[in-house]
Amino acid sequence: MTSMGTTTFEVAVNLIKLVLVFLMMVQLVPILVWLERRGSAFIQNRFGPNRVGPLGLLQLLADAVKFLTKEDFAPEKGNRLLFYAAPVFALVPAAVAYMAIPMSVPLKFNEYTFLIQGYEINVGIVFILGISSLAAYTILMAGWGSGSKFSLMGALRASAQIISYELALGLSIVGIILLYGTFNLSEMIHAQQGIFSFNAFGHNISASWLPNWGIFYQPVGMILFFAATFAESNRLPFDLAEGEAELVAGFHTEYGGFKMLMFFIGEYGHMMIASGLMATFFFGGYSIWNLTPQEVYQWCFNLIGNEFWAGAMNSLLHFLSYLVKFGIFLWIFFHVRWTLPRFRYDQLMDLGWKTMLPWALANTMITALIIFVTSYYVL
Amino acid sequence: MPETNIITTIGPEHYLVLSALLFSIGMAGVLLRRNLIVLLMSIELMLNAVNISFITFSHYSGKVEGQIMVFFVMTIAAAEAAVGLALAVSIFKRFKEVNIRFFEHLKG
Amino acid sequence: MTADVFLFWFLAFMTIVSGLGVVLMANPIYSALSLAMTMISVAAIFVTLQAYFLAGVQIIVYAGAVMVLFVMVLMLFDLKHELQAFTRGRATGAIKIATVGILSGLVVGAVTIGLTIGGKNQAEVASATKAAGIVDTTRGLSEALFLKNVFGFEALGVLLLVIAVGTVALSRSKGGTHARD
Amino acid sequence: MPLGGVIFITIFIATFGVILIYLARWTGGRAKKTSQAKMDIYECGIPAEEKKDTKISVKFYLTAILFILFDIEVIFMYPWAVNFRHFISTGAGPFVFGSMFIFLAVFIFGLWWEIKSKALEWD
Amino acid sequence: MNQQALIAILLLSPVVGFFLNGLRFRSKNYILAGTIATLAVVISFVCSVLLFLDLVGMPPEARRITANFFEWIAVDKFKVNAGFVVDQISSIMILIITGVGALIHLFSIGYMHHDKGVTKYFAYLNLFIFNMLILVLGDSLLTMFVGWEGVGLCSYLLIGFWFNDSAKAAAGMKAFITNRVGDAAFIIGMFILFMTFGTLNIHELNALAPTALEASWLGAVTLGTLMLFIGATGKSAQIPLYVWLPDAMAGPTPVSALIHAATMVTAGVYMIVRLNPLFISAPNTMMVVAIIGAATAVLAATIGLTQHDIKKVLAYSTVSQLGYMFLAVGVGAFGAGMFHLMTHAFFKALMFLGSGSVIHAMHEEQDIRKMGGLRKYLPITHATFFLGWLAIIGIPPFAGFFSKDEILWKAYSSSAGHILLWAAGVIGAALTAFYMTRLMALTFWGKSRVDKNVHPHESPISMTIPLIILGILSVIGGWVGIPHVISQYLGEVPNFWEHWLAPVIRILPLAPAEHGADHEALEWTLMSVSVGVAAISAISAYIMYTKKEGSADRVAKAFGPVYQLVNKKYLVDEAYFKGLINPLIRGSKNLWYYVDVNIIDKATYKVTDIVRGGGSFVKSLQTGNMQQYAMYIGVGVVVALSFVLMR
C-alpha cells in the first residue's frame, strides 16, 4: 500500500500496528470509565463501583455484558439509516486522528524502522484538525436521525459549540507552528528534546535544568488550547449538548446499549487526542524531561549491550514517559468534570468568540512579533 | 517505447477525465435539481472538480501557482456558500420552502 | 497493478459515486452527506497528487466547515423529503441532459485525444516533474502566496470581511416565523 | 503520506463498528413493539407531537457561517506561520510580517464588527 | 535622510491628512481635525526646511534635487514623469507654502471651531497644500498643470464652502469658470511650447530657450509665453480675469489668507519666474506682462479706495500687489518679483488673518463702517495688523519696503523698464498707502461705531500665535534682500536673496544709459520719492478718516460720478455679463433648442426605439428561472467548445 512500506513484511507490520493502536484506544475506554467513576467517587467522598471484582475492576465486564444484552432500539419517527450510521462514524474521526500522534521513539529492527504510532503525516496538525472537525457530522447525524426535538437541539448546540471552539483551537496553535516552523508532530517533539535552549538576537540562551518544552514558550497558547479541547470533546464544563435539565441527554437521548457505548468511545477518543496533542505540543511528547533519546539510548546500551534490545528499551521508556503525560492530562479532564459547574449557553459562546478568540489572536501576534524581532535583529 | 496500459499507468489525463466527469455531474445537479441548497451543493461539486484539474496541472507541470489558485477557489467557494445559504434562509423565511423557482421573484 | 494505481481507481470510484449521490439522492440530507464524502475523496486525490497541505485545507474548510453549515441549515429547515426533486419540463430537461452529456463527452474526448497525442512525452513529463521537484509543497505554496500573490491574499481577507458583514445583514432581514426578532 | 494506511484503518473501523452494531442486535435482539409509547421518541413522558415549523434560532447557522469565514482566515495563517522563520532567514521577513499584520487587522476589524453589531449575542 | 524620500514625505503628508480627515468628514471634533491637518503640514514644513538646508549645503550651481517617482505618461516622444524638482525657486515656494500654510491651519482651529463642516474644511485645506506642492515642485509644465487645476478645484471647494448661501456658491463657480478661461490658454500655451521644443520639462525648456530675442509677435515663443501668461492672469487675478478674486472672499477668511493671498494666486508669478529664460527671449510678452501688471496694480488700488468690506479691500489690495509682482517679472526683475511674492505672503496673510480675527471678534461683521476703535478690544490683532500695514505701505525697514523698492527701481532702471511703469508703480504705492491707512483708521482707530449688541473680544491663543509669528516675519522678512545702496552703510550685509537666486535667473542687463556712476544717487532719489509719496498719502488718509470726519464723504461727493464708477468696480462685471456671458448663454440656448431637441434627440429616440424593440424580445427569454440561465451558459460552452475542438 502507498507509503506504508516497501516490503510485504513492513506493510504487514504497519497494518497490524494500526489495528493494535485502534484496539489500544478501544481498550483504554473501559479502564478510563472505571477510573472516572472511581475518581469521581473519591472526589465526592463516595465509594463508586466496588462490588464486582477487586476494586470493582470487573464492573467493566459487567457493563459490557449489560450493553450486549440490551435490545436494539430505534425510534419510529427518526431516520433509521442515519440513526445507525452515527455511532459507527463516531468511532472513525477520533481513531483516525489519534493514529497520527507519535507515542515513542521509532524502533529499529534490521533494516526497518517502525514508528510507534499509527502513521506519520507530514502535515500532521492540519490532518488532525481536519479529521477531528468531522466529528460534527456524527453529532448532527445522531441528532437528526433520532427525529426528536431534544436530540436536534442538542445536536445543533453541540455542533455550534464545536465549530466555535475549533476556531480558538486552530488559532491557539498558530503560535506553536510559528515556534517550530513545521506541521509535523515528530519534528515538533524532536525540537523539544534536550535542555531548554533558544536563540535570540543572535545569541544562544540555555538552561540545563529545564527541558526544552513548548509550555515555556507558549503558556497562553497552552491554556487556550487545553480549554478549547475541553469544548471540542464536549466535556464539562462545556457539555451543554447534554444539559440534563433542558435537553435530557442531548443528541444521544434516543441511544442506548452498544450504540451509546460507541459514542462514549468517540468522546474518550477525542479526550485522548487532546491529551496526546497537549503532550506533543507543550510537554515534549514522549521525551523524558531534559534528556535526548540518544542519551537515553546510550544509557540503555550500556546497561544491555544489544543494539536491538537497547532500542526496544529506549522505545519502551519513552512510551512510558508518554503514557505518564497522557494519563495526567486525562486525569485533569476527569478532575475538571467533577470540579467545575457547567456554563450557560450564552456564556459558552461568549467565552469562545469574545474571550478565547481575541486572546488567541493576541497570542499569535505577540509570538510572531517576538520571533520576528529576536531573529531579524542581531545584537 | 513500451505500450502504456490505460488501467495500470496513471497519468494526468486520468485526473482530468475524473475532473470533467465530476464537473458534469455537478452541472447536471445545477440544471436539474429544484432544491436551492442542493443546487448550491452542486456548485460546490463543480468547484471541486475544477480544483482537481488545477492540482493536476500544478503537479504535472511542477509549478505551485495552481495550488494558490485552488486556495483562492476554496476561499471564494466558502464565501459563496455562506452568502448562498444566507439567501436560501431568507427565501425559506418567506416561502417556507427552498425551491429554486422562488428565485423568480428576484427578476423584478 | 500497484497499490498506487489501485488507490487512484478506488478514489476515483468513490468520488464519482458519491458525486452522483449528491445529484441523485432525493433527500437533501443524503445529498449533503454524499457531498461531504466527495470532498473527503477529493482531499485524498489531492494527497495522491502530493498537495498535502491543500488536502488538509480541503478537509478543514469543505468537509469540516462548509458542509457542516449545509447540513446544519438543512436540519434547521427540517427538509426530509422534497415533493419533487427534479425540475419539470420534458423539452428543457432533454436539452439540459443533452448539454451535460455533450459537454462531458467533449471534455473527456478532448483530454484523452489531446493527451494521447502528447502521450509519448509522458515519460518526459514525469521526469520533468521530478526535476522541478516540489520538494516542500507548503513552503512553495507560502512563498507563492505571501510573496507573489500577496495582493490577492489581502483582497481575500477583505472579501471575507465583506461576506461576514453581508451575511449578518442578510440574516437580520425580517420576515417569516423563524426570525427571532 | 500513508494514504493507504488512513484508508485502511478507516474502512477497518467502520467495519468494526458495523459488526459491533449487528453483534449487539444479535445478542440483545431487536426491540419488540409492545406499545406505541415505547417506539416513540423521548419527550419526558408527554406524547410526542410533530410540528412542521419547529422554531430554531437562526443564530446557529449564523454562527456556522461566521465560523467558516474566520476559519479560512485562520487557515491562511498556517502556511505563513510554518514558513515564518524561513521567510526571515531569506530576508523577506518584514514584508511577510507586514502583509500578515494587515490581514490580521482586517480579521480583527471583522471580529470587532461582529461583536459590536451583536451578531454573536445569545441573549 | 534620503532626499527623494523627503520629497515623497513632503508631498504625501498632506494627502494622508486629507484622507484622515476626509474619510471622517462628518465629525465635528475640530480639535482632532485641526491637529491632524496642522501636523500634516508641519511635517511637510520640516521636510521643506531639511530640503532647504540640503540645498544650502550644495555648491550654488548644483543646487537641484530631483525625484522621479514613476513614468506618468509615455506616448511616443511625449514623455512626462511624475518628477519633482527642488531648486532655489521651488525651495522658497515650498517653505512659504508649508510655513505660512501651517500657521494658517493653526489659525483655522480657532477660527472654524463653531463650524459644522470643520473636518471637511481641514481636509480641503490639506488637499490644497498637496496640490500647491505639486504645482511648485512639478518638473514639467504638465505636472505643474495638475497642481494648477488641483488648487483651482480646492479654491472652488473652499470659496463655496458655505454652499448653502447661493451667493457664496455662485462666487465659487465664478472663480472656477474664470480660471477655466485662463487654463484653456495655459493648455494652448503648453501645446505651442511642446510643438516648438518637443518637451514640457521645465528644465529642458529653459535650456532650449533661444538666446536671441524674438522680435515677432507671432513667434512661437512669444505666442506660447503669452498664452501661459493669460493662464497666469486667470490664476493670479490680473486684468482681464481678476474679477473672481474679490468675490472669492466669500470663503472662510483663513482660506482667503492661504489661497487668495499667500500661495495660489502667486502661482502665475511663480510660473513666469520658473520659465524666466523663455520669457526673456520673448520681449513682447515681457512688455505685455509689465503693462498688465502695472495697470492692474493701479486699477485694483483705485477700487480698493472705495470698498467698505474689510476683506474686499484686502482682496483688491492683493490684486494690486500681484500687479506689482507681474510688473517686476515683466521688466525682467524675476528676483524682485519672487522677493515681493515672499514678503507679500507674509504681510498679506497676516492682514487677512488679522481681518479674520476682527471678523471673528465682531461676530461675522465685515463692514468697516460698522467698526472703529477696535484697538482697545483687540490689542494683539491691532499690533500685528499695524506691522502688516507698515510693511505693505513700504515704510523702511519693514519687509514690504525692500521688495517694493526693488521692483520700482528695476521698473525704472531695467532695459525692459520705462519711466511710465515706474510712475504707475509709485501711483499704486501711494494709493495702497491711502486705502490701507483708511482701512486701519476705520477699523482700529477713531471712535467706535460698533453695534451695541456686539461685544468684540480678543481671539484665542491658537489664532494670535500665527498673527504674532507672521507679524515678526513682516518686519524681518525683507532683510534677506537688502539692496546694495543701503547695505553698504550697514557693514556690507550681503544680499542673500540675489545670491540665492542668481544661478537660476537670467538677468537682463541694465539699460546702457543708466550704467553711469550716478545710478546710486538715482536709486536713492527714486527710493525717497516713493517712500515720501506713500508717507504723505498715508498721513493724509489718517487725517481724513480720524481727525476730520466727514471729509471723506465730501471728497467722494466732489468726485461724484468717478467715485460711483470706481465704487462699482468700473462696471467690469456688468460689461462681462453684457458682452460675453449673456450672448454665450443665448447662443447655447438656441443651440439646445434647434440642434439638440430637433436633430440629435430625434435621432437618438429612433435608436432607442429600435433597441427597445429588440430588448422586449430578449426580455421574453429572461424568465427568472436560474436553471434556464445555467442551461444557456451550458449550451454556449458546448457550442464554443465544439467550435474549438472541431476546427
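Just so it is clear, A, B, C, D and E label the chains in written order, and each chain counts residues from 1 on its own.
Here is the rule we use: contacts are C-beta pairs under 8 Å (C-beta built on N, C-alpha and C of every residue); 3 or more make two chains touch, one makes a residue touch a chain.
Just so it is clear, the structure is predicted and the values come from calculations on it, not from any experiment.
> Which chains, if any, touch chain B and chain E both?
Where chain B and chain E share a partner, that partner set is C.
> Count the C-beta pairs in contact for A-C and for A-D, then report the pair with the higher count.
A-D
> Could you grab the centroid distance between chain A and chain C? Build each centroid from C-alpha atoms only and quote it in angstrom.
Comparing mean C-alpha positions, chain C is 29 Å from chain A.
> Just the number, please: Cα centre separation of chain A and chain D in whole Å.
The answer is 16 Å.
> Take the average of all CA coordinates in chain C, do the same for chain E, and state the distance between these two points in whole angstrom.
Whole-Å distance between the two chain centres: 63.
> List the centre-to-centre spacing of chain C and chain D in whole Å, with centres computed as mean CA coordinates.
That gives a centre separation of 18 Å.
> So which stretches of chain D touch two or more other chains?
Within chain D, residues 1, 3-4, 53-54, 56, 58-61, 64-65, 67-72, 75-76, 78, 82-83, 86, 100, 107, 114 contact more than one other chain.
> Scan chain E for residues touching two or more other chains and write them down.
627, 631, 634 - these are the residues of chain E that touch more than one other chain.
> Which residues belonging to chain A are in contact with no fewer than two other chains?
Those would be 1-2, 121-122, 126, 152, 156, 159-160, 163, 166, 170, 183.
> Can you identify all of the chain pairs that touch?
So the chains that touch one another pair up as A-C, A-D, B-C, B-D, B-E, C-D, C-E.
> So in the complex, which bits of chain C are touching chain B?
1-2, 4-5, 8-9, 12, 15-16, 19-20, 22-23, 28, 31-32, 35, 38-39, 42, 45-46, 49-51, 54, 57-58, 61-62, 65-66, 69-70, 73-74, 76-77, 79, 82, 84-87, 93, 96-97, 99-101, 103-104, 107-108, 111-112, 115-116, 119-120, 122, 125, 128-129, 131-134, 137, 140-141, 143-145, 148-149, 152, 156, 159-160, 163, 166-167, 170-171, 173, 175-179
> Where on chain C is chain A touching in the complex?
Result: residues 3-4, 7, 29, 33, 36, 40, 43, 48, 52-53, 55-60, 63-65, 67-68, 71-72, 75-76, 80, 138 of chain C touch chain A.
> Along chain D, where are the residues that touch chain C in the complex?
1, 3-4, 7, 52-62, 64-73, 75-76, 78-80, 82-83, 86-87, 92, 95-96, 99-100, 102-103, 106-107, 109-110, 113-114, 117, 119
> Could you list, by residue number, the parts of chain B that touch chain C in their complex?
1, 4, 7-18, 20-29, 31-35, 37-38, 40-42, 44-45, 48, 51-52, 55-56, 58-65, 67-68, 70-72, 74-79, 81-83, 85-90, 92-94, 96, 98, 100
> In the complex of these two chains, what residues of chain C are touching chain E?
87, 92, 95-96, 99-100, 102-103, 106-107, 109-110
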